[in-house]
Each structure stands twice: as structure tokens, then as C-alpha cells.
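Two complexes follow with chain A in common, the first pairing it with chain B and the second with chain C.
Presenting the complex of A and B:
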């Protein structure tokens, strides 16, 4: 499966939404309700399930679903 | 194993020396940020590395009494930076690292605000943070920023066995403090030591001996910028000579099983956590994820820092009982940063005991009809419940909880007005409401306007200020923030905003911007955002928002909401 599609599924699962509901402009905290416990789960799930590494500084710069996809695009 | 407990130390550096001398095999293991591997140092090794770090601070030219911010995640660099400064007589201030996602800008603003407010001489940051701060034009931060790598590259200078007085301030503890305007609680050495030892005694009460005589280790995931993580885990392990296993908070939040696994691997052990930590274990770990856990050597599970919720306690016991967890392991406690940490402790060890909330008492956002016994005052500490006029109340009557004793703070740093409001004749006004029953304290609610979301304190004005920076309110247009209980998850924030705008679509846009602003600055999703017409938020004659009255109206469904499209 496409790495971005897989990432969307991980985000959707943690946000408690369907993949089809997610839009790149959605902010993780304000729009998807991803509070700090969920954010850390998201970070580690992305790393573990996609087999990638995201530094703390890189994650801190990601606001939206689109930022995550963009990061995957640039690092893939 | 019963190591002999040495004569209690009187300062934190002395506590490190005693631990190194009396418990040379024990020490601290710190896991990396993903919880994959840990690096363990014995107390003699910790002491040696901290002394070197103290010499490096001296080489940098910082002087006793200077403030140094430590903006690092849980790691050995955190310990060397923070403790090294403290050994040098410098006042270290632990700053919460930014949230995992999208927090970069807000974190820079927060640190810039703190550097300014505390007039910090130095702030220890990561290389990435410094680069971002420079780019963002955070001038004060950039001037004083130093990375740990730079600090550890310096040659130590001068004597590093400075002997502070027990009454000297050891460190500053930030209360709430998400937007750079927190109060900094000044904690003297003797208060830190007293609290650590008094807690170890209290924890040991049902076991017939202080914790150090029967426990071997402590396992904590609590942040080091939080009083429960710093005093309750680090200083207590140090003073009791326990092995401390530290997980960065993010590792626990992402993988709560790691905490429980470690609790089964380090002999007779104990651990503190706020209620939400226990709740997270119940929610995240389904039956199959609990398999293989052995919690039978966990002898005390302190629960405090936010309201203890009976339903969480019951759910945790049910889920983890089959894995060796005993209900009497739960030990409710009550405290606050202004009391260094612990004020009262359940000494009975009979499990969590509750009483119905007395008739007529408002629950102040907790949503609880049963409240938990948080026990008796820790050693040498007095606790009373008073009316607003200062008269002490009898058993069963609800009033403000006040505390006096050697663990009470010295005041807010550089803020005599706030200190005078909180501390009078040695009595700390906690801002919490409670009552006594048979000599034991029950916390029933909160007098102060404060939100406690997942163990973290948030001042309502921080949230209101963020909302008003979007609406341009603040003058005639008011904003009120408070929390309501939403089931076992505990408190969630509600924000009510006065606006002149009526167009539902425009309000939808403003609403999104407010949520986004608060989300980025505080890593906090707003549970409910309500727009009302100008003048609808109750206020005092002097124009101050009456948050408790507003909350009451909200809960009673008496607020006239303006239409928003799309609904949020």
C-alpha cells in the first residue's frame, strides 16, 4: 500500500474518523481533536508502522494532515 | 533488602552525596525518547557528572541566584543541566517541552516570555529549537540560548562542592505556564528534602516502615517540569536510595504498557501518576495487550495532581487485578506546587475510600458525586478548612483548604503581590475546596479559577487571552474559559466568547481560528466553543468575568448560543 494512504489510515484511526473525512488542511489538534496523549501515539504509530523516523523538531513543525503527507513525500 | 537510612540530608546536594555514599549500587535509568533503550547511571556516577556540569556552569559565568531555563526533554542532558545549575546555586527552571505536533512556534513564544519574565541568564535548548528561535526573531532567547552540546564541551571551573543553606532557594517550579506568563514557585532546599522524606514515610505507613526499607525501585513517566515528576519521583528516589526508572512522558502516552512492564521488572516498587494516567492504561490496553504483565510487586500506586475519580480506580482494579494488581495498592494523595508537592497522603492503605459530596456543595467542574479521601497531613504539616472570613470550619463543612508546614513554598519568584494573596502567617491558601471527615481530608472542588486537564494546570486567562487575540475582544467584549467533566476522561475546556458578529458563517471562521490558535499554543482541543452576544457573560461590578457563574449557566443550559455554520 502507498505510504501516504497508510499514514492517512493511522491518522484516521487515532482521530476516530474515516479516511474519507480527512482533508490535508485539517489541523491535528484543532480540527481532529488530537490532544497530547493521542499525538504521541500518532508519532510512534507512524514511525513503527511506516518504518520511518521523525525527529522531535520535524514533528513540532507539522500542524496539519497535509504537513504529515508532505513530510512523507520529501523523505520517501 | 533493608538498606540503612542515613541521617536525613538538609539540602539537595547533600542528598546526592548521601545516596552516592549509602546506595552506591543504585541509580537512575533514563529511557530514550522512543522508549527503546535506557542508559543507567549509579548515584556515584550521577553525582560525578552533576559536579562536572556545575563546574561548566561556573565556567560560563553564571552566578548563584541567576535563573537558568532548561528546555530539554527527559534525558541525561536534562539532569546534568538542571542539577548542575542547582549545585552551583543557580535557580534552575524546568520548562515543559513543546507538544509532539505543531507546537514549534508556540514553544518559541513561551520560552521568549519566560526568559523575559524571569530575566534568565541562560536557557538550555536543542540545536533545532535554537535554529527555529533565531529564524523567528526571538531576540532574548537567541541571546541566552546554549545547547547541551556546547555546555558539555566546556572545561569545568572552580569548586563544585558549594554548601547551600537549607533555607536557600533550590529551584523555581512553574505553575501552569503554557503561554510564558506562569508564576514561578520558589522552593527552598529544606522544603524539597522535607517533602521527599515525609512522602516516603507516608507511603510506608501501611507497610509499617518508610518506603526505603521495603521498596527497591520507583518507575515514573511523569514530566520533570511537573512537581510530581521532579519531587515525587526524582527527589524521593534520591532521598530513599531507590533505583529510579524514568520513561519520557511521550513514551508512556504512546505506549502505556511500557510503564506497566517496567513496574514488573524492578523488584518491589512504587509509582506515582495522576488519575488520567491510570485511565489511559484502562482505555488503551485491551485484554490481549495486558497479557504477560505482572504487577504483583507494585506496592504503592500514588494518585494525585488532579481529582481522583472512583470510576477510574474501579476500572483499573478490574482490568489489572488478574495481573497481580491489588486495590489497596492505590494511595490517593493531595498536593500542589506551592506545597512543594504532597500536603496529605492516605495513610491507611485500605484502597480508595469515598464519601458522598455533602448536600448543597457544587462540584466545581469535577462532575463527581462521590469524593475521594486524600488522607492525613504529611509529617510536621497542619491542614485546616476555613470560611472566606478565615474562621476554621468543623468536620463535614466545606471550605478552602489551607496548609502550613516545612514543605510550604517561600513565595512566588519576584511577585510579592501574588505571594501575599496566597501566603499569610505561614498558611498557604490552596484555592481548593474540601472537608474533613474523621480527621481525614476530602477534596470536593476548587475555589480558584483553574482548569486541570490530564494532570496539567491551565490558567483560564491564558485561554481567554488566546481567544481574544482572535476576536479583538478583551475590552467591552469578554471571554470566559472553564472546564467541565466529561466522564472518566476528567476535565475538558469550554470557552464562551462575546462577539458583535452575527453572521453564522463568519462566526464559523472565527471559531475555527480560535480553536486553531488555542490548539497550537496549548496543544489543547477545545471541547466546546460558544459564541454569545455582548454583555451575556456574567461579570462583577468591577468588570471581572465570573467564571463560576458562567459555568453554572452553561451546565444548566441557560446560555443563549449564537448560530454558527458549519456547527463546530
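Presenting the complex of A and C:
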């Protein structure tokens, strides 16, 4: 499975939404309700399930779904 | 330039306040008669086989608990990490405890929370440290267990070790949490609950139920500590 598709599934699961509902412009906190505890789960799930490592600076820069996809594109 | 001067001035004031707070904490703490009235076996088991746990109690017991945890850390019995907010209060807490070798991570659910929770998670899983996580901090609502502590337990696989603290005689400050400051030479009661593991596979409804259960557990431990010294919950 494509790594970005897998990432979208992880975001959707944490946000309690369907993958089809997600848009790159969606903000993790404001639009998807991903608060700090959910963000911790999200980051850990992304690292565990995609086999990647996300630094604090990279995590801090992830404000939208598009930011996550962009990070995966640049780190691939 | 004016800002830098103000900032330096503020930093000096916080430094003075931290020194004063350390002095008050030690001077008062050494006079308290601290007794574990319930659950000593849970602490003994932890000290016999040290492993990371998440130390939890209500926010207004922070001063009451400080000498108890400082003593465990000072004797090398428990490696503690503290979460302090990014406010000036948090800076004060950081400076008070840094002097005693207790590592602090700055942040809260409202500011810098994502990074702070990750740092605490790493302190547990990579550093083997036990964080103090105050579930109704940093600004309440009072006695409301926030889900972040449960999520931290879920993801780190470290259990929450719940504590109740109570002082027979105390002052209360006018802060949002009615912070308890035990009086000199008073009796302090400590109750310790069983380590609480939180399953990672919980649904959001199950996690909410777990959050409520943990809240009731902490309430119950605190009430039992109060009952043992004849104190009442400040509200």
C-alpha cells in the first residue's frame, strides 16, 4: 500500500473520520479535533506503522493533513 | 532593549522566588510527619524493582507531595521527570526542581502540548524515568482527570501510580486550585493505589470510561488520605 494512503488511514482513525472526508487543507487541531493526546497517538502510530522517525521540529511543523503528506513525500 | 531589560528583571525575580520556594519547601517539609497510611506495598514493589510509572495526584496537592517525591529522588530511589507549564509559574517550578536534579519538560495540554507529551513519552520509554503528571493541571478544572495522562499510559505502557495526599492542618492559597500548604509540624497522610495499566486498544468510548474511572480512583484515594488525618477537601 502507498505510504501516503496508509498515513491517511492512520489520520482518519485517530480523527474518527473516513479517509474520503480528509482534505490536505484540513488543520489537525481546528478541523479534525486532534488535540495533544491524539497528536501523540498519531505521531507514534505514524512512526510505528510506517517505519519512519519524525523529529520534534518535523512534528511541530505538521499543522495540516497536507503537511503530513508533504513530509512523507520529502522523506521518501 | 527595554524588553530585554524587563525579561532579565523577570528572570532575576523568578530566580529569587525559586530560591525562596526551595527554602520554604525544605524548612516546612522537614517538620512534617509524613506517613503512608495505605498502599505502601505498591511503593515498596516499585522501589524493589524500579520501572517507569506515571506518578499522579491532584494539582492542589503539589506542594504537599513535593517533599515526599523530592526525598525519594534525593535518595536515588526514583528517577523523576516533571512536566511544567510554559507560564512563569512553570518557570518557577522548573528552577525550584532543577537545582535538586529533577529533570523538567516544559509544556501543557494547551501550549506546546504535542512536543511536551512526546518528550515525557521518551523520558519513560527511552530514559526509564517516572514522570509526575498532574491530571487536572495546569489550570483545571479542579479534580477533573484529563485524558492526556491516560493516553500517555496507553502509549508508553507505563502504569499510572495514583496517590492521595492530605495534611491535618494546612493553609489554602487563593489560586484556582486552592493550593494546600501544610502547616509546620502537621501530620501528612499518603495513600497509594494499585498501578493502573491502560490498554492501548481501547475505543474512544472505552477510553472516556477509563478516564472517569481513574478520576474516581484519585478522588477516592484523596478522600481516604483526608479521612485518616481528619481533614476535609478544600472546595
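In this section, the second predicted complex is superposed on the first by the 76 of 76 C-alpha atoms of A that agree within 3 Å, B and C clash if a C-alpha of one lies under 4 Å from a C-alpha of the other, contacts with A are read in each partner's own complex, and residues count from 1 in each chain.
FYI, a residue touches a chain if its C-beta (ideal position, glycine included) is under 8 Å from a C-beta of that chain, and two chains touch if they have at least 3 such contacts.
Remember, predicted model here, so these are calculated numbers, not experimental data.
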Winner by number of chain A residues touched, once chain B and chain C are compared: B
What is the contact status of A:30 with respect to chain B (first) and chain C (second): first, second, both, or neither? first
Does the superposition put A:44 against chain B (first), chain C (second), both, or neither? both
Applying the touch criterion given at the start, work out whether A:16 contacts chain B, chain C, both or neither, answering first, second, both or neither. second
Who does A:60 touch here: chain B (first), chain C (second), both, or neither? both
Just which bits of chain A does chain B share with chain C as contact spots? 35-37, 39-41, 43-44, 56, 59-60
Which residues of chain A touch chain B in their complex? 27-31, 33-37, 39-45, 47, 55-57, 59-64, 67
Contact footprint of chain A on chain C as seen in their complex: 109, 113-119, 121, 147-148, 150-152, 154-155, 204
Which bits of chain B are touching chain A when the two form their complex? 33-34, 73, 97-104, 107, 126, 128-129, 132, 249-251, 253-255, 276, 280, 284, 454, 512, 515-516, 518-520, 523-526
In their complex, what parts of chain A are in touch with chain C? 16, 35-41, 43-44, 56, 59-60
